[in-house]
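What follows are several structures.
Next come two complexes built around chain A: one with chain B, the other with chain C.
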Partner chain A sequence: MSEAGVIHDIGYQRYQGPRLGRAALLGALYTHGLRSAFGLGRSAKSKIFPWGVAGIVLLVAVINAGVRSQIGRWLFDYYEFANTMSLLVIFFVAIVAPELVSRDIRSGVLPLYFSRPLRAADYVMAKVAALVTAVWLLLGVPQFVMFLTGAFTTKTGMKGVWHELGLLIPGWGYSLLWALIFTSISLLVASLTGKRAFAAGGIVAVFLMTAPVVGVLSSLPSETAHHLAGLASPIALVNGVEIWLRNRTDLGLDIGDFGPIYGIEAFCLIAACLLLLLARYRKVASL
Partner chain B sequence: MTIIATQALTKTYGGGVTALSDLTVEVDEGVIGLVGANGAGKSTFIKIMLGLIAPSSGGVRVFDLDPIAETDKVRARVGYMPENDCLPPDVSASEFVTHVGRLSGLPKVAARERASEALRHVGLYEERYRQIGGYSTGMKQRVKLAQALVHDPDLLLLDEPTNGLDPAGRDAMLTLVHRIGNEFGISVVVCSHLLGEVERICDSLIAIEGGRLLRADRISSMTAASDVLAVEVSEGTDELAARLRDLGFEVTPDGRLLLVPLDSDAAYDRILQAVAELDLPLHRLDQRRHRVAELFTVKETVDV
Partner chain C sequence: MSTVAYITARGLFGRRRVLLLLPLPLLLAGLALLCHAYGVDPNQWGQAVIVGLGFAVVLPVTSLIVGTGVLGSEVDDGTIIHILTKPLPRRDIILAKLLVAAGVSAVVSAVPLFVTGVLADNVHFGLALAVAAVVGAVAYSALFLLLSLLTRRPVLLGLVYILVWEGLLGRFVSGTRVLSIEQYVIAIADKIAPTDILPGKVNLTVAIVMSAIFAIGGTIYAINRLGSFSMAGETS
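So, the complex of A and B:
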């Protein structure tokens, strides 16, 4: 007879349930990464920054939408919105990328990860996907708010909604390009150090210190140097890609006929950063 | 059942450093002590078993699986507790062990259940909801052990589990390891540079030095028939030694002591009788068990 209120030690139980494969591990790590990007499951302190940035970006979108509903015209369209917010996104990745990778290096938790079925490539993929998603949500959700306003205030009915959607989708694609560039560079920088402050400083430096280089190149007395100046900075690079794809002339950057070069560099930059990141973790994973 | 088998296992690092050379050993289930000085190749051996690094030559099989070719299968059955600090300070033990459990392939709910189960088994109850940063070294070691247990492995690889613990903490940790090996039915490889502490809890012992196998055997066969009697008399030590030699004993003088191997029960009485017949003032008579460490000292001198 067992008495109430007595806790019985039932001893060690073997686990008989299912064991999931590597895809599930990747999913778990991705969800964990995305949650910690926004400080979910962390202390209140670590929620302040990401939600602060997200709040500001959303506020700008709401104001933009309000203006549109009043005067029928955007302050900035989907693309300009992403461009304008880039500075805030820099600060966002400067805080979040070290949170995702430097933290793991600092606490020495990686040997625990890599002694499990997880591989270096899985780890890199999960972290990259988490940060890309986070940055994309940061830009994409406000863009969607803008779309909703546009769709509801349209005067041409369903046709107007389709037209608006036709603008939103490439806008989302453009946000994805921003997300990929920001993620690949910031994760690579953050993976080099376990100190979050250094990582954050390094990330901001890479994005902001390269901007003056563009200025210097643009002031050289050579037409070609002007056209290629934008390649020197990731931000100008993304602008350059937009100018190339949408034939814009109002972004203060003249890329001449070198549009494809911008496209190629953007692709190569992302690929190179991701490969370096993978190489870095291949080395780390062997402990 | 053999759980780990190596065949002429050799690992040479890039700079020409040989971490393991020609290691051939077969290990049965149970608690296994892996003993060697710092840099003897213990950690390299563990990394090879986990499939983290490939051996330069030779082969290793864990549960009759190749850790390089069938990494996932091996790792699903093995839990690893590293030597270094490896816990994030800003999460609770419960959250952390759940997270690592999911990375071992447990579904969400099962991971949570197994995490609190594992933490309970290592002796962390209400504390597990506090942040790890505020834990003592002993509690951190327990969390490290719990994270290795969370996915219910068949083999635990513990790298220096008593590192940094005070004597009471060491005892608690060793008792825990002993329980895991005997009550939970999980084989355990305990790495240590302290022979005295692992020999207490191990069924078998692998001793390596400079990457070479020194000896691998079951503890019982190592210490069998190795009892000695230490005799100390206040005077006439040499006289007694001569007398005992006459009686056919192998006598080893050790300072003021005479060490006499006890090969049978009758030997004890005969020694005592010899002391009485010589009418020597007996100071001490104590039966000791050979410590495994002494076996190695003997063996090494034979080797050289």
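So, the complex of A and C:
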């Protein structure tokens, strides 16, 4: 009964059932990534840091909601909430991004992944989607808590709820922008090293060292330099996009008429980081 | 002891890893040069570059990566057992590692800070910044070396210290300044060369005594911990 190419047939039964394709692999990687972002299915030790950050962010939202219900005014609205939490978001991606990609490099399982019908693009897509979802949940859930308070304490009935919802949805979109930018940069840094410790330090270094550059560029004597200063740091870049899209002037960053440049750079930054990440895993996948 | 130091240094620098430490100091000195070239008043850019970038980011982050790297990465790989089984006093191992960590962090942060100080004011100010950076590097290295013996996730705990304790709380809650190495460093630099650029908020005596406590206490406790160190299995 043996086929031509088989040397020994020792009688094991072949797997005849349906084989799940790339989509199932992608879905499994995504679910696993999202679960490990919050340490689900892992020991209590690995839950401390992600849940600690999530707890603080939620606590701030609850305090904010409490203030709103008492004095009828936000301490900070949906946008400012994301801005205020920037240090904690940096810390969160510094915890989670190495967890998602550096562990795989460290334990040498990438060749096993890529011996399946999985492609480099699928792997990158699953990891990026998992981290984007995790960061978005980190900001989006507290925003939703704030929305619930706003909706329940509204004085104008259904109209007030709709108005509040109209504020929440762009706020969620803004959180998504945060998630995309922070995810693409942190995953790129984390994919360079298999040591989680170095990856976490590198991610924080990238975000922290670019922040003072904005302040320095703003002190230069050139008007154009003031307006373009925000391009130097991812955090200021996101703020700049908000200023451009919402015509805000009170956020401490003056972007002049360069709003579209901020939008273009945000898009290019995300695209460039993702392409570099893809190139990195193309190399691994072809080994 | 010199062999331990040599191996540690090679672990830090080997295979072009030294290049990873370059961008931070280069950015610091580059920004100072840029501002100097444009002729901006040092009182405007000094605080952002020296405190905001130098003392708040370059010094602690370099010390964190190097300080937890010298021992933590060996604990992680399990190669620490090769050193521990040699007939060497644990004290010597810690001292050699601390020497390398503090030396590397001091050079990486003090040199660009010296350049920045010279550009901002004069050589005296540059030297003050460099001396303060060396003190800070020793204190931070001892702290982070100790952390890498106390926990399996030293970098994350160190980041909590830098980001939350010194970054967030140090800015708003004045009481936390007494336990913040960043504030000691600023106070020491400000005392050696008083300028309007540095906001020294801690008493000099407190700064010196507390830096010494961090450095010496951290080292002694680290020696103590390594003395009773046990190889643990893979966790989390």
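The working rule: the second predicted complex is superposed on the first by the 270 of 287 C-alpha atoms of A that agree within 3 Å, B and C clash if a C-alpha of one lies under 4 Å from a C-alpha of the other, contacts with A are read in each partner's own complex, and residues count from 1 in each chain.
Basically, a contact is a pair of C-beta atoms (placed from the backbone, for glycine too) under 8 Å apart; a residue touches a chain by one contact, two chains touch by 3 or more.
Everything quoted here is computed from the prediction, not taken from an experiment.
Visitor: Classify the contacts of A:70 with the two partner chains as first (chain B alone), second (chain C alone), both, or neither.
Guide: Neither partner.
Visitor: Is A:201 in contact with chain B, with chain C, with both, or with neither (first, second, both, neither)?
Guide: A:201 contacts chain C only, not chain B.
Visitor: Is A:247 touching the first partner chain B, the second partner chain C, both, or neither of them?
Guide: A:247: touches no partner chain.
Visitor: Once chain A of both complexes is superposed, is A:108 in touch with chain B (first), chain C (second), both, or neither?
Guide: After superposing on A, A:108 lies in contact with chain B but is clear of chain C.
Visitor: With the two structures laid over each other on chain A, which partner does A:43 touch: chain B (first), chain C (second), both, or neither?
Guide: both
Visitor: Report for A:14: first if it touches chain B alone, second if chain C alone, otherwise both or neither.
Guide: first
Visitor: Share the list of chain A residues that count as touching for chain B in one structure and for chain C in the other.
Guide: The answer is residues 42-43 of chain A.
Visitor: Write out the stretch or stretches of chain B touching chain A in their complex.
Guide: 47, 50, 52-53, 71-72, 75-76, 78, 80, 82, 84-91, 95, 99-100, 102-107, 110, 114, 117, 121, 147, 151-152, 183-185
Visitor: Would you tell me which residues of chain A are touching chain C in their complex?
Guide: Going through chain A, the ones touching chain C are 42-43, 45-46, 49, 87, 90-91, 94-95, 195-198, 200-202, 204-205, 208-209, 211-213, 215-216, 219-222.
Visitor: State the interface residues of chain C toward chain A in the complex, per the touch definition above.
Guide: 20, 23-24, 27, 31, 34-35, 38-40, 44-45, 48-49, 52-53, 56-58, 61, 64-65, 68-69, 72-73, 76, 152-156, 159-160, 162-164, 167-168, 235-236
Visitor: Could you please specify the touching residues of chain A with respect to chain B in the complex?
Guide: 11-15, 17-22, 24-25, 28-29, 32, 41-43, 103-104, 107-109, 111-118, 285-287
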